[in-house]
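The structure's right below; bear with me while I get my questions together.
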Amino acid sequence: MTAVPPAHIAQSAIPRSGMGRLLKLVLSEYFILVLCLLYVAGIYPFVPEILTWGVWSNILGDMMPLLVVAIGQTFVLIVAGIDLSITAIISMAAVVGASVMTGTGGYLSGSAAAVPIAILVMLLVGVGIGFINGMSIVWLNMPSFIVTLATRMFFAGAAIWFVTFHSTSSSIADLPRSFSNFSTGSFSGIPYTVLVVGMIAVVAHVFLSRTRYGRWIYAVGANPKAARVSGIPVERTIMMAFLISGACASVAAMIYAARMQTGSPIAGENILLDVIGAVVIGGTSLFGGKGKIIWTVFGVLFLVILDTSMKLLGASLFAIYIIKGSVILLAAMMDTLRNRILAER
Amino acid sequence: RAQGSKTIAVLFDGLYSEFWVAGIQIIREDLKKRGFEIMEAISDQDDNKQFEQVRAAIARKVDGIIIVQTDSNAVIPAIRAANEADIPMVHFNRPPAPSDAFSVAIQADNQKISRDAVTYSCEVAKASGKKHKAAILIGDLGDPNAIQRRDGFQEAVDQYPDVIEVVAKIPTEWNADTAFAGLTNALQANPDISFLFTSSDFLIPQIQQALKTADKWHPVGNENHVIFTGFDGFPDAYALMKDGYMDACGVQNLFYETELAIQAILDLQEGKKVDKLLLDPGFAITQQNIEEKKEEMWGYVLWKEKNPG
Amino acid sequence: MTGASTPFLRVEGVRKSFFGVTVLHDVSFAVEAGKALGLVGENGSGKSTSMNILGGVIQPEAGSMFLGGEAYAPADPKQAAAAGVAFIHQELNLFHNLTVEENLFVDAFPRRGVLPLIDRRAIRASTEEVLAEVDLQVKPSTLVAKLSQGERQLVEIAKAVSRNARLIIFDEPTTSLTRPEVERLFAIIERLKQRGIAIIYISHALEDVISVCETITVLRDGHLAGTAPKDDLTLQQIIAMMVGRSIDTIYPQRLRSGGGDRIFSVSGLSQPGVAENVSFDIRQGEIVGLSGLMGSGRSELARMIFGLDPFRRGVITINGKPLNDPTPRSAMDAGIAFLTEDRRGEGLLMDFTVSENTVLASLRSVAGALGILDKRAISRVSLDMASAMRLSTDRVDDTQVKHLSGGNQQKVVIGKWLRRQPVLFILDEPTRGIDVGAKQEVYRIINGLVERGSAVLLISSEIEELMGLSDRILALSRGEMVGSFDSKPFDREAIMAAAAGVGKLEAAE
Amino acid sequence: MKIGSRALLLILQNAPYILFVVLLVVFGLMSDRFFAIANFRNIIIQAAPIAILAIGMTFVLLTAQIDLSVGGIMYLTATVLALYMTGAPWPVGLAAVIFMGGFIGALNGVVVTRLGVASFIVTLATLFILRGIAMYLSNTRTLMFGDEILTLNRATVLGIPSAIFAFLVVFAVAWVILHQTPFGRQVYAVGGDPEAARKAGLPVARIVFFCFVIAGICAGVGGFVSITQIGAVGPKYGDQIEFSAIAAAVLGGVSLFGGRGSVAGTVFGAILIKSVQNGLNIINADPYIYPLVTAAIIFLAVAIDGLRTRIIERLERRTIRPVSVE
């Protein structure tokens, strides 16, 4: 494994002058945020729209589904696992939920309980697949990479198949208004999605950094043997991370389905590497034991800003790929450099 | 960016085959000629991403959107958003699901076109007086086009139960190597397959490879000829038709469709009334009608450019 | 320096610091060919660091070294090896997924002619040769993962021998060896010396150092505290040089001793292949020592009680209540604490801070409603622990434990359990790899614990330690309880004989 | 007791292979066409590209790194071949692909080893970049290959189909490198314990670097074998193939944490996956169940492997006294 440089050593030695403060910011965990600002400043001359309210409300909106999955992924990465099944969970939850509440032939079509039950069902699908993942890892001793690769393949296929029983087209439409309100409505100016995901982020942050369950997660990720000897229920902790990831993915499914008023088996199909990329760019280690929700927020923000600017530029597909890849690489290299400087201080 | 010029967003689902590449190219050139700025984006078969792209286009205050949506249902909120922002929206090649939102769709009827093409081939099969075992290469099961073409195929062969028996339904995920392996394996299981439909012409190279290996690559008239139906109307497909390897091909009239799309945008911008649905009937090009129809086949035009004289 | 001959290795004025803290100040020493230099000092005094410099693992900031009369400044371990310096690390450096022979040659495989192919036959032959030389009877094609700790140690030595090393450094070689293995090691070191190889021997077992080495160098806080021929030094003097004060009694006197209520008992504990019908009990305020050879199953017994390993039959009772199917959690809830013998692997989260480690086993006590942790309480508790344990640092919130010396790490592990006020504390090799000063503190801590009413099950491979601390000593041999000794002073020979299984054999005859 | 447990051990140790055989029998019972020599040849031909790719991946995984960029390498090298080397004889093309693959792998390796960036991120980024470059060069079109390459598919060497031959060569070379050269054993050492490897004076960075180079070369070669079969390279070429390659390796027993696994296992994994696809094709299964069955079998194979490791650990657990007969 690549050595993970010590995270926070002697940060106090930095002077408090203006320059020093900037340096401190660059070297701090807000580094990716700084990169975001620099990037926006750099791209502004080409797309001045990037600094309009409309674009930022889009950025915020686009962030939400990614962010909520990324939060779940953060938990899984910290316990030294990986969850590749998130996109399949999104697909499966979206189509199953839609099949419950769709106006055309849904199980609970027209019923007042349709929407709440559909939401519950979506959560159950997410948690259920998370449970299958967790169970296989904990009880069957399987590596999470391959477990979730298999469940991803399985449920992505199952979601497509599932739709054929409920719709003549390739997705399930006609979702109730009250459900799609979730994506369009707002509460005193704050969109519901932002509200919900924001709350999830805050809860996740507190849970991870302030509660003993959070400590379990870090300890298990850092050294499961030591965690076990310290009386931490290692199996339960791993299971918990995968359940959280599944639940988070099903929330993303709700956002997608509400936003497109459709239960689509391919919504968010390609976000997997983006999500993991965002979490890792944020600074969470793929090898467990290290990570923070706030880092993930920054990582997702960074990626969404990048994507949005590409969209605004109307860059062609190849340009998007090349620029995105290069910027991710650059960010990762700067982050590594930063950690190295920190370690040498 | 030049001040005052108008911008059109061109949002495609993907550029997975020559059809789309040619389509976006033609639209791009035409719009440029007319002095438009273009904002391009590809959603890569992700309907959420496409939704975000539409919103980005709206945020950039474009003057019109030409879209190839990933999903006919999922695009509706995007149409609504465009309606709200008062930006005209035209669907190229695929219609959205019915709704109260307003947009103009240029539709090629995938199902009908594939049905027509396959029906011709079925007639050929019937005329041979033999029974035929058939294979179909199905596209990505999450792709509506793939589904419609499959259904068109099914409708056609269902009319000829005594002639055609479908023995292999091969999923390709729109993947060349999956298609190649699938067809090879199907030929292994049923060496007597003599009727083949591909849901897209872009799989032609793999089909050619697999059939050659099985010694089944022969032109019309040879007794080992596999009755072969394509879809899309690629330059390759024209070449195969010309050389007699392909019996029929469902063709979408690309030129007509792009023309319709751009005209619709222009009309909408000028506030003219445009029908919600503009049909490209498409057609099946067959060994019979190839000479009279080829000029309408976009693949032939491209082929002619590449093979002058 | 004594002796007329020029030393084989000379180290002069070496200095090294980590993160601005100097851990070696102008350290100088020398070794002669065919002689052994003992390097002693408290935990964190810089022994391993100076050896890492010799072995090319790290580079000094100042000072010079001479090997065989020539300037020596290895930039990496490879250069050190090429110069004839072999370093047997405190944490063994073997690849468990490779075979013995591959481990011996992993950095310099002999090739078959010009082809980049390994000459398997050559390495097989020379491996067999050196294995014979170090008295190790395993097949060269055995995976190292399958070897015992002692055998692995011998593989490391074999590696050094096979490289024709002229200087071999042993950093804490005996911490996980059985006594016979230790004796065998000493015999091999003797042989190496006779072949003219220079030895540097680092250990906290001062008697061992005295018996192996000709010269002894003492480090204190990274400074050279003195060098002298061993004949000029007494054990007391060495200790005084190490810790800067003299220690008369290593095993402190306890105020109260043994004799409370029977608080813990095990009866009929069995697990096929591991334990057979083991029964014993412990009283409140009592220290019961568990002696046995390495591999006799003491650790396994402890792990079964703590719920880390399964067992087929048997009843564990604590505080009058049975502990059925223990898991670490239920064992902890019942009041058991367990100090593992594998500090790095199981005891600590090395990348985490002292305070994070301190509260790991007692999170509930620093958590409020909904499991929210009280950060201030954590800091306070950890600071208390640090001062109670006389930890070398009080920056508990931002010192990662991997930057602590072994002894201080051990204090953190003990400290983390003391927080729980255990009814029974199982200590598995609590003083492995720590210095006399630290040992004495650990003993003091254990005594304090018992005085406050806890019971202790003490597992140690140091018979002196067992005899010095225990109220009663049990002997375990091949998973079976073979003896119980409760009359002080203990009969050392009898205990050892029982542990070796001899007593039982004699009885049977 | 002893014989019983040894038999159990034997069964467990070969559990994945037994699963494979069961699978073959099931498919064989469902279609008599499955058990034909020609069909097994097909399976191996079809498995060849992914197996070659997965062999390269094995090197990287053994050092506890990961290479997500292999699909991008395939796509770019094949695109360059199609665009700029149309007339060239195939050996030149193959050499070019090897060179390019190795070069790109080297770039990955340099960033990972010299700059110390996690390989997951580095290769994720290069995946994007490589695909982007290839799309730019090809204008996102599907590019065709000439007969020079197409006829290779039907060519044989010593009676062995070219794809199988190429695959055997790559496998043999990889096996020799891993098991018979100093470099190969050091790959295992580095993966087993990087810290110990550093202390033992092994050139850790150089070893990891070369593993990326090998993965790059294998991606190029695997891609080359693939294009001889499919005759064209389009924008979906090599898409998501990194997952298949990793799945093949893991199915074959390679650990993602380094130091454990072998190329023979990897090849087995690739063939297992392709056999499933082949079997489903042969029995003309419902297209919708393909991913379900494939996923279930991968899952089952790895589950059995996990169970096996656990039981073997238990059976081989150190005993300190004779196990009494109960």
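As written, the chain order gives the labels A, B, C and D, with residue 1 at the start of each chain.
Definition applied: contacts are C-beta pairs under 8 Å (C-beta built on N, C-alpha and C of every residue); 3 or more make two chains touch, one makes a residue touch a chain.
What you are looking at is a predicted structure, and each value in this text was computed from that prediction instead of being measured.
Averaging C-alpha coordinates per chain and comparing to chain D, the farthest chain turns out to be C. Rounded to a whole number, the gap between the C-alpha centres of chain B and chain D is 34 angstrom.
One finds 43 Å separating the Cα centroids of chain C and chain D.
Centroid to centroid, with C-alpha atoms defining each point, chain A and chain D lie 29 Å apart.
Among all residues of chain D, those that touch two or more other chains are 140, 288, 290.
For chain A, the set of residues that touch two or more other chains comprises 160-161, 317, 320. Shared contact sites, meaning residues of chain C that touch two or more other chains, are absent.
Pairwise, the chains that touch each other are A-B, A-C, A-D, B-D, C-D.
Of all residues in chain A, only 47, 49, 52, 54-55, 58, 61-62, 65, 160-161, 169-174, 180, 183, 256, 259-262, 264-271, 307-308, 311-312, 314-317, 320 touch chain B in the complex they form. Here chain C touches chain A in the complex through residues 19-20, 306, 308, 327-329, 331-332, 338, 340, 345-352, 356, 359-361, 363-364, 366-367, 370-373, 375, 398, 400, 416, going by the rule given at the top. Those residues of chain B that touch chain A in the complex are listed here as 9, 15, 38-42, 44-49, 51-53, 55-61, 70-78, 97, 141-144, 147. For chain D in complex with chain A, the residues that touch the partner chain are 64-65, 68, 111-112, 115-122, 124-136, 140, 194, 243, 246-247, 250-251, 255-258, 288-292, 294-296, 298-299, 302-303, 305-307, 309-310.
Listed in rising order, the residues of chain A touching chain D in the complex are 1-3, 84, 136, 140-143, 145-147, 149-154, 156-158, 160-161, 164, 273, 276-277, 280-281, 285-286, 317-326, 328-329, 332-333, 335-337, 340.
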